[in-house]
Amino acid sequence: MQKPDLSVEIAGITLRNPVMTASGTFGYGEEFSEYVNLEAIGAIITKGLSLKPKAGNPTPRIVETTGGMLNAIGLQNVGIDAFVEKKVPFLRTVATPVIVNFFGNTLEEYAELAERLDLIPEVAAVEINISCPNVKHGGIVFGTDPKAAYSVVKAVREATIKPVIVKLSPNVTDIVEMAWACADAEADALSLINTLTGMAIDLDKRRPILANVTGGLSGPAVKPIALRMVWQVARAVKIPVIGIGGIMTGIDALEFMLAGATAVQVGTANFLDPGAAGRIAAEMERYLADNGIADVKEMIGALEV
Amino acid sequence: MQFKAMIISNHEVSPGYFRMRMSAPPELADARPGQFIMVRVRDAIDPLLRRPFGIFDVGTVASEFSGCGPQTYVEMLYKVVGKGTETLSTYHHGDHVDLLAPLGTGFDLGDPDEEKILVGGGIGIAPLYYLAKKLVERSRVRFFLGGRTRDDILCVTEFERLGVETYVATDDGTLGDRGFVTDVMERHIRGAAGKRTIYACGPMPMLQAVAGIAERTGVPCQVSLEAYMACGMGACLGCVVKGKEHSDESPDYRCVCKDGPVFAFDQLKWV
Amino acid sequence: MQKPDLSVEIAGITLRNPVMTASGTFGYGEEFSEYVNLEAIGAIITKGLSLKPKAGNPTPRIVETTGGMLNAIGLQNVGIDAFVEKKVPFLRTVATPVIVNFFGNTLEEYAELAERLDLIPEVAAVEINISCPNVKHGGIVFGTDPKAAYSVVKAVREATIKPVIVKLSPNVTDIVEMAWACADAEADALSLINTLTGMAIDLDKRRPILANVTGGLSGPAVKPIALRMVWQVARAVKIPVIGIGGIMTGIDALEFMLAGATAVQVGTANFLDPGAAGRIAAEMERYLADNGIADVKEMIGALEV
Amino acid sequence: MQFKAMIISNHEVSPGYFRMRMSAPPELADARPGQFIMVRVRDAIDPLLRRPFGIFDVGTVASEFSGCGPQTYVEMLYKVVGKGTETLSTYHHGDHVDLLAPLGTGFDLGDPDEEKILVGGGIGIAPLYYLAKKLVERSRVRFFLGGRTRDDILCVTEFERLGVETYVATDDGTLGDRGFVTDVMERHIRGAAGKRTIYACGPMPMLQAVAGIAERTGVPCQVSLEAYMACGMGACLGCVVKGKEHSDESPDYRCVCKDGPVFAFDQLKWV
């Protein structure tokens, strides 16, 4: 049998395989270049970016939990200027699509950053992190209110001609309602899930372990929740869905595709195994070959319920 | 580098402290003192994250008799504190673990003509042995070693065998002087003439005391820090520490994993 | 030092210790009597009860996930009549408070069942499971809509003089809003969390593993989320909070108490270790004794943030 | 009962199939054939749930020479299929696991005067060996054993040593007859006179075939089922199977763990 075709298309970008690296877990790509062939992965999604550099939270910022981890990095990042100056030159040398994850504290910041990113040819697409409080509107989180999500996606949509991916927060009653709002605002694709808000406590010290008190839960512990949400959303919207949450193996990735994802992102797994993204793509290929499946696209939404 | 290491030996050197030797590729013989490794404790989900450990020693052996080729090894000295280290302590010769190594920057060996002062608290001596091994080749080395009680004083013989002068202090006086090792060290520095550099590793309060002494005496000092880590390679920003210039308005965070774990004490913000 | 005082009070009931067994994971108590001294635990909460017997879902109904499990039992239960006839006689012989967890498909069913339970002297309190769809109102889930939750709690409140505990679903954007609604309706206590909706897939069969497609996630995987929600709710309401979610050890239980819980429930842990509830109470006692804490009540909400 | 069992031996009897002997309290010698055990694979969170296994054998040994008192043991025969069984397969003499045993109801040994027909598919033979051991004391026992290929045919010698007549069939004909063991068994029953009972354990399609034969021939039949289990004691209702009278309106679910795992075939709804 021929090699299975692993390529997929998301929002007009062709990926050589469906495995991307999730924002915040893969730095700016360069950090991992010793461990994984960056040209063996579908796309690199960079650390959440803001207009100005952001300090992030005090430490401790991470803690392991059963089957997962909490992080409260606080979106520390170098800001758009340093990104262009220091990170883009390396990314330019890698023949893999680069998707820039970004956020703002106001609608205007989102739009402004989208405009800036629109001008960078190395950026294949943008991914909006809407899990941020809207400082202008009393801190209501963009990502948990469909109207706010609609307006932020709309603002970004109008600011860039690049494909717009919206990354959904799982901390909501109805993920489908959020997905609809983003699709209505003409997002090109949805990615989910971001982290679930959690907490860990140091009993002896009687204090939260994270300096920020709460943090975002990721890793295999959240996979069942992510899979459920991807399945719900993929049935409800027409735009492609990118599955994220606890993916550790090619099997996991293919399960997300059965649930309706066109592609996946790998986050926490990069920490256990810096070569995870490449390995997962290889495992997917092996599974398809072993099972006589010629094209990974056959898996998308092929779940029988 | 990422590689599967075979455990060559793993034995308890004092109650709750283990020394483990693992096979390594030849390149690891070039690791710098102060660099560290990240161990995937089990090829499974629990424990999830890798555990960071200092490089206690590296070397290469070739058996004269077996005819085997030279084999590089890396050693770590660890204390059992939670589920990762507990699992490690159950491993035997022949078991395997997955390693990332060497990570981080390591100590600056500095000027050979000066005296080298090593200060270790408890398990904090782990990265100092390999450092001492390199330093004694060129410099006079004194080692100040503290712990809560005598069971926390590790590997004195090993350091002495290198030709290092060793001073011991315990909080309860069960071995060496009673009191803080930093006080013993300060008395020594104050009494002595000549140039020197301090290298320290241990619990944060000890490092703060050492930094205070360095500050007061003007002796340069390098400290090796610990932090909760996920990636070990500067990507996740989980392990940061405040740099000298840090303020809320103008943040200056450094990655312990990538910019450290060793820092010149005056590059950091101490509270 | 004297033995620490482990007793706590919830809604007027004194518990010898804060460890109860979570509904659905401990049957009707009798099943576990060989493995755990039922008189060494704080309270027994029985399997979710309905007016009529309920068949539950087709199988498979359970599947293990990383650090947790999904269940879609579908609330199978014997119904109130068989409960009174077959289960109460055994429970009468156990000197431990019995709390009956129950649910309905309509407001009226909730109220009717509450009236029936009100008449059973062996029932120390009732726990309302509001994670059920309201069949009369287009299936909107009582537990995710504050208004619906208010009305169901109010209806039960008026139907019984027994203490009313409301068990909250974590599948919501704002758990505090739900807690407020229930407190407003004069609930005596809140318990949280119920399970998080998740899904698991069999890649080879291309089917969901659970016949019901989705199921509820429980176990240590969800503990960080549960701890965060308990902390948020305990700060926001004046009534006592009962912490649930992934508690496996006395340490876990005390962490929930630091976060503000007055008592805890142990669910999935009963499957790994049928003696879990008794062991956890003993571990709490040992921790308190070792740390010179005379009264477990000192731990409630003692987290320093 | 809940107890910590020490592993006495654990060896691979055929590729991917292991037989494990564990220490047990004396009461376990009274376990009934068809009962099962639930094993906590590791004293940790992953794997989370206990794994159910049939009782392959129980017994008591007393060494004549060592002077040790009598020691009861329980054995299981298992196939490596996932992370729980894979972990079990790495255990050695001296390791420990936590067990709940004996669980469930077990086989009804029935009338000694009739012929006993045992039918096992693959690892489904696990609970049949202890059953055969009890049955041969009083009855004539024939054992029909099927598998995909010869590697899936286990413990023939052990059954024959009991005095059981053994018939083997494999799907690919690599051992015994080629074809389904149920066909072989049916031919036998049709040809023979006298009273008999069938005892069957194996994959669902095989059990369905056996139930069909029992139905057609009027021979009573007991089947041992598998189901995903959490508690093993009738509390979680995770393991249910449809009873004969089941309908959506008037449900009749039985717990495999508590009401089974052995059921008279005519007590169940076969689709």
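Each chain gets a letter, A, B, C and D, in the order it is written, and its residues are counted from 1.
Rule of thumb we're sticking to: a residue touches a chain if its C-beta (ideal position, glycine included) is under 8 Å from a C-beta of that chain, and two chains touch if they have at least 3 such contacts.
If you want to know which protein each chain is, UniProt gives these names: A, C = Dihydroorotate dehydrogenase B (NAD(+)), catalytic subunit; B, D = Dihydroorotate dehydrogenase B (NAD(+)), electron transfer subunit.
Here the structure is a predicted model, which means the values were calculated and not measured.
**Student:** Both subunit C and subunit D are touched by which chains?
**Tutor:** Intersection of subunit C and subunit D contact lists gives A, B.
**Student:** Counting only Cα atoms for the centres, state how far subunit A is from subunit D in Å.
**Tutor:** Each chain reduced to its C-alpha mean, subunit A and subunit D end up 47 Å apart.
**Student:** Where the centres are mean C-alpha positions, what is the separation of subunit A from subunit C, in Å?
**Tutor:** 34
**Student:** Determine the centre-to-centre distance between subunit B and subunit D, using the mean Cα coordinates as centres, and give it in whole Å.
**Tutor:** 54
**Student:** Where in subunit D do residues touch at least two different other chains?
**Tutor:** Within subunit D, residues 45-46 contact more than one other chain.
**Student:** Send over the residues of subunit C in touch with two or more other chains.
**Tutor:** Touching at least two other chains: 66-68, 219-220.
**Student:** Which of line, ring, star, complete and other names the graph you get from chains that touch?
**Tutor:** complete
**Student:** Show me the residue ranges of subunit A that touch subunit C in the complex, using the header's touch definition.
**Tutor:** It comes out as residues 65-68, 70, 144, 171-174, 196-201, 203-204, 206-208, 213-215, 217, 219-225, 227-228, 231, 246, 251, 254-255, 258-259, 287, 291, 302-305.
**Student:** Under the touch definition given earlier, write down the residues of subunit C that touch subunit B in their complex.
**Tutor:** Counting only subunit C, the residues touching subunit B are 66-67.
**Student:** How about subunit A: which of its residues touch subunit B in the complex?
**Tutor:** 24-27, 31-32, 34-35, 47, 53-56, 59-64, 66-69, 71, 73, 76, 219-220, 248, 268, 270-275
**Student:** Which stretch or stretches of subunit D touch subunit B in the complex?
**Tutor:** These residues of subunit D touch subunit B: 44-46, 83.
**Student:** Inside the complex, what are the residues of subunit B that reach subunit A?
**Tutor:** 1-2, 40, 45-50, 98, 100, 227-241, 248, 251, 253, 258
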